[in-house]
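Here the chain labels run A, B, C and D in written order, and each chain numbers its own residues starting at 1.
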Amino acid sequence: MSLPAEFHEIARRVNNWGRWGSDDEIGTLNLITDAVVRDAAAGVRTGRRVPLALPLRQDGVQSGLIPGRVNPLHAMVQINQEIFGPGTVACSDDAVTMGLQAGTHWDALPHVSHSGRLYNGRPADSVTAHGGAAFSSIATARHLVSRGVLLDVARAHGTDRLPGGHAVTPEDLEAAQELAGTRVRAGDVVLVRTGQIRAYLAGDREGYAYPSPGLSVRTPEWFHARDVAAVANDTLTFEVFPPEIEDLWLPVHALHLVEMGMLQGQNWNLEELSTACGETGRYTFLLSAMPEPFAGATGTPVAPVAVL
Amino acid sequence: MSLPAEFHEIARRVNNWGRWGSDDEIGTLNLITDAVVRDAAAGVRTGRRVPLALPLRQDGVQSGLIPGRVNPLHAMVQINQEIFGPGTVACSDDAVTMGLQAGTHWDALPHVSHSGRLYNGRPADSVTAHGGAAFSSIATARHLVSRGVLLDVARAHGTDRLPGGHAVTPEDLEAAQELAGTRVRAGDVVLVRTGQIRAYLAGDREGYAYPSPGLSVRTPEWFHARDVAAVANDTLTFEVFPPEIEDLWLPVHALHLVEMGMLQGQNWNLEELSTACGETGRYTFLLSAMPEPFAGATGTPVAPVAVL
Amino acid sequence: MSLPAEFHEIARRVNNWGRWGSDDEIGTLNLITDAVVRDAAAGVRTGRRVPLALPLRQDGVQSGLIPGRVNPLHAMVQINQEIFGPGTVACSDDAVTMGLQAGTHWDALPHVSHSGRLYNGRPADSVTAHGGAAFSSIATARHLVSRGVLLDVARAHGTDRLPGGHAVTPEDLEAAQELAGTRVRAGDVVLVRTGQIRAYLAGDREGYAYPSPGLSVRTPEWFHARDVAAVANDTLTFEVFPPEIEDLWLPVHALHLVEMGMLQGQNWNLEELSTACGETGRYTFLLSAMPEPFAGATGTPVAPVAVL
Amino acid sequence: MSLPAEFHEIARRVNNWGRWGSDDEIGTLNLITDAVVRDAAAGVRTGRRVPLALPLRQDGVQSGLIPGRVNPLHAMVQINQEIFGPGTVACSDDAVTMGLQAGTHWDALPHVSHSGRLYNGRPADSVTAHGGAAFSSIATARHLVSRGVLLDVARAHGTDRLPGGHAVTPEDLEAAQELAGTRVRAGDVVLVRTGQIRAYLAGDREGYAYPSPGLSVRTPEWFHARDVAAVANDTLTFEVFPPEIEDLWLPVHALHLVEMGMLQGQNWNLEELSTACGETGRYTFLLSAMPEPFAGATGTPVAPVAVL
């Protein structure tokens, strides 16, 4: 089995290999110039901050289906320990074990490969157990602040939550952009709201996972045409699940991460943000979504914040 | 043994219990109003982003002295796994185990207790192995964006790195403020640079740990008088080590976290920021330093970013 | 709420506090004398070894109900790494995170407390986050080899698996002893087979957990009267679940671990052993079930083996 | 670079590939027949049990040199938690993260490869991040009980501890066998004592690691000629370090694990056993050293016990 011709055609159209040099490791993050950030800061109106991360807890979004992607196991390793003797100041410390892609996270570019290649043509086998990803690890993505745009596809459809299996199309993005009263532009980080995370928030972890609305294989071209820097949404799978084309699994992952070199975010909680944007009618904001710089990692938890 | 009278006198002067109500869990973060953030955003000049986190790696700043505070153990749990069959898109996933206070981090308020009490008078034993901190866990600190001010004490002293054991005094902070050409004000997050982290960056992990310059027990009153929201610096111990007063260990921790209810940051890399501020002569910026929302945790890794 | 009078009456009858001195940490393991082990070795007939542990894997018996008791997360940290240069011998290394009570395991004595006490009257608060159990941690149980006796209650009932909720009574143990053609004696490790683990082996993890057959609150006196050294069985809960007496949860745990100072084993796979003993008609063997000596731990995975 | 001719010549002489069939995964463990175990049990004289594992603790033998091979991080996840309500029986649970080769352990056969091959000719790339070792994982070694023989090379040399860099030769093994008054025979597990672990026990972790006495590249032929089932010793490196032949690293690992298919044990504490055997003059015993059955793992902690 190999990837179908249709995939390769789209791949050719959105490919960014070499665009920022053969040594480049950060792909579309290059599109976030200082000017983009300066303008995004200048666009802040109220100073209201809306956090977008789910709490990190053992009862997180993972249900065990993906081997190794474990919800956080939090444990205290010291509790009120008077390390310098009785009656002194006491310390509590904790430790955690977790899958880096378990909660609200960024996928780093080497999170997926296809046809033996990573972003910018690097060989897939440059990801090893000893050191992880040699190129484009999440620790290379060190400046992730930009203008954020919420494309509230659910609201544009007049619903709280798109149905499972709904493929978010370029037309859906256009409609949401219309609702937002803005134009997506170079360097933007686009947040696509489907409302799917409401299932998890209501306690339905299985319903959250599958079936899921998500991005259509047709959307990478839309992002590419606008020079978007990164895309995140409020689903576990990011792209529509089950997939649109039989036996073509994770095409959007492959197009974004491998071909375009564009970071993806998953399990972002966009509910409070949707309400806030709906109230003011402004869907743009300063977005800070700094990856934790895990050396060699193919993903990371992130605690994004929108400053309105 | 108990804490000396001198400690209790300072504690009385800086205590914030009840100031934001008996139910309050976030202490001085209350001082970051939307207006503070709006003004901080308006102060952005160039859009340059300076990251302040050390890479998270097994060869991190911890040398094993503090039980349980382990450097990150990063491991791949899938490498280029074609989960949907041969020839399909392949995935790599990773997992990590780490002490939450191991790298560049925030101490949450319940990270220390004294005399059986946490911030706002909560009982120390509300931190348990089952669920961690019941109050003021790091997951409650969800809006940590504000104006940042770099107080470059090392530069004000005309040095790259203060000597080990140098207690950073209110006078030092005044001199650094003078250098910065600004006034620290309510809601600011203050970053105090000692240059100590240069030892770690140069490969001297033991020299980084001890002896260390750090905040004097006299500084909490200075921060309190200015209604500072949070303080971070570039040392392992945060406060001067060995301590200024014999047998009075970690007094600054106790004053900040327990009495004032003010978050502390440690192991922040302020070197690039120091250079950047030195070049422009501006020592203020928009700071985003969002905690990862670990439920019940007494600390968290953080990837802060200064937007200049 | 407190424990009912009925519980306290049984507790009084089986209590071993002080029996081996006020400093004792290992309870009924004291009953395994060298002579017991020598005779057990002399009883070996064929040399056939039957392992009793379930594989340690992420798809283990835990379903997530018990916070923190996570199935093993196994990860490679090096794969065929030529650490000394190209063309040299290559190494693979792995790491694991797991709950110590997650798989086939021993409960150490401080795994439970009641009324603020552990075995031998130690205070329950001697178990801390800093160092774990100060007394009777699993690392003190260093000589766990003895005669093993299989009491095959399921077979004595003419079934492969006792029904969920079946309380294994002293009468059941007598019948199984009759079937075994032996008498349980001082220092023996008794393995009680219910057949319940067949549910897990058949893929029904929920059915394995609940409802479950298990030991009745009346059995500790039976073990006590015979000076049994330790007891293990093939269930997740060890004792019958739901419990026999309303609102009296885990009484057998409290009687064995706290009152008697007797180790308990859970999730032992006794299926192959049952077949082997059924074939020969001999239900006794040399049993080696050495705990991994985790310092301070309240339990440990174990890989027991019966030598027939 | 490639392995020298000398290595390949020895490899040819000790190679066991195909000896137990092309499907075999357990190599020399095939040599432990039931009769071997029956006779070993019959050889038990006193029933005294001597444990051979070091405690598993954060302050273990690893000093951080080997990436990913971390000492155990033990953490309580519940402490005296009254899960069924106030006044009920309270539970304590713990969790651990550790390198599987960190303490007293077995190396599984796929722990090393050379020239792209594992034991029995399996391809080295059958070890993957997804599932670990597909062949000969430690979970396949399920019956590890046999006769143990202590070859006390240190005592035969009239010393407590061989000097660092001492290569234990076949002549050393002969002398120790002479001292033991026995002949090593098919199916035996041989324990080679160098006394090196006394450095660790005395607090010198660095001195324990390097330089180290250990097995010479000439010993695999000695073990092969006698059909030994497994070999363990009391060092971190197993073989002499630095190596005997320049640029030939880990030859004994490659010969034992890859060519012979013979398990190796490291960091075994043989001090009490040495004393016990010295007192009685008997150096043989029943040895139980059951691996924890981690699925896919290339090693495991083990808690071996000698029954004298």
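Some points to look at:
Just so we're on the same page, contacts are C-beta pairs under 8 Å (C-beta built on N, C-alpha and C of every residue); 3 or more make two chains touch, one makes a residue touch a chain.
The model shown is predicted, which means the values in this text are computed figures rather than measured ones.
The chains that touch chain B as well as chain C are A, D.
For the self-contact between chain A and chain B, the two sides draw on mostly identical residue numbers; the shared fraction is above half.
For chain pairs C-D and A-D, the one joined by more C-beta pairs in contact is C-D. If you average the CA atoms of chain A and of chain D, the two centres end up 45 Å from each other. Our note on geometry: chain C versus chain D, Cα centroid distance of 26 Å, whole angstroms. Listed for chain B are residues 67-68, 70, 73, 75-79, 92, 95, 97, 128-130, each touching two or more other chains.
The touching residues of chain B, when paired with chain D in their complex, are 58, 64, 67-68, 70, 73, 75-79, 81, 92, 97, 128-130.
Considering their complex, residues 1-3, 33-42, 44-49, 51, 53-57, 66-70, 72, 74-80, 83-101, 110-114, 124-125, 127-129, 132-133, 139, 142-145, 247, 249-251, 253-254, 286, 288, 290-299, 301-305, 307 of chain A touch chain B.
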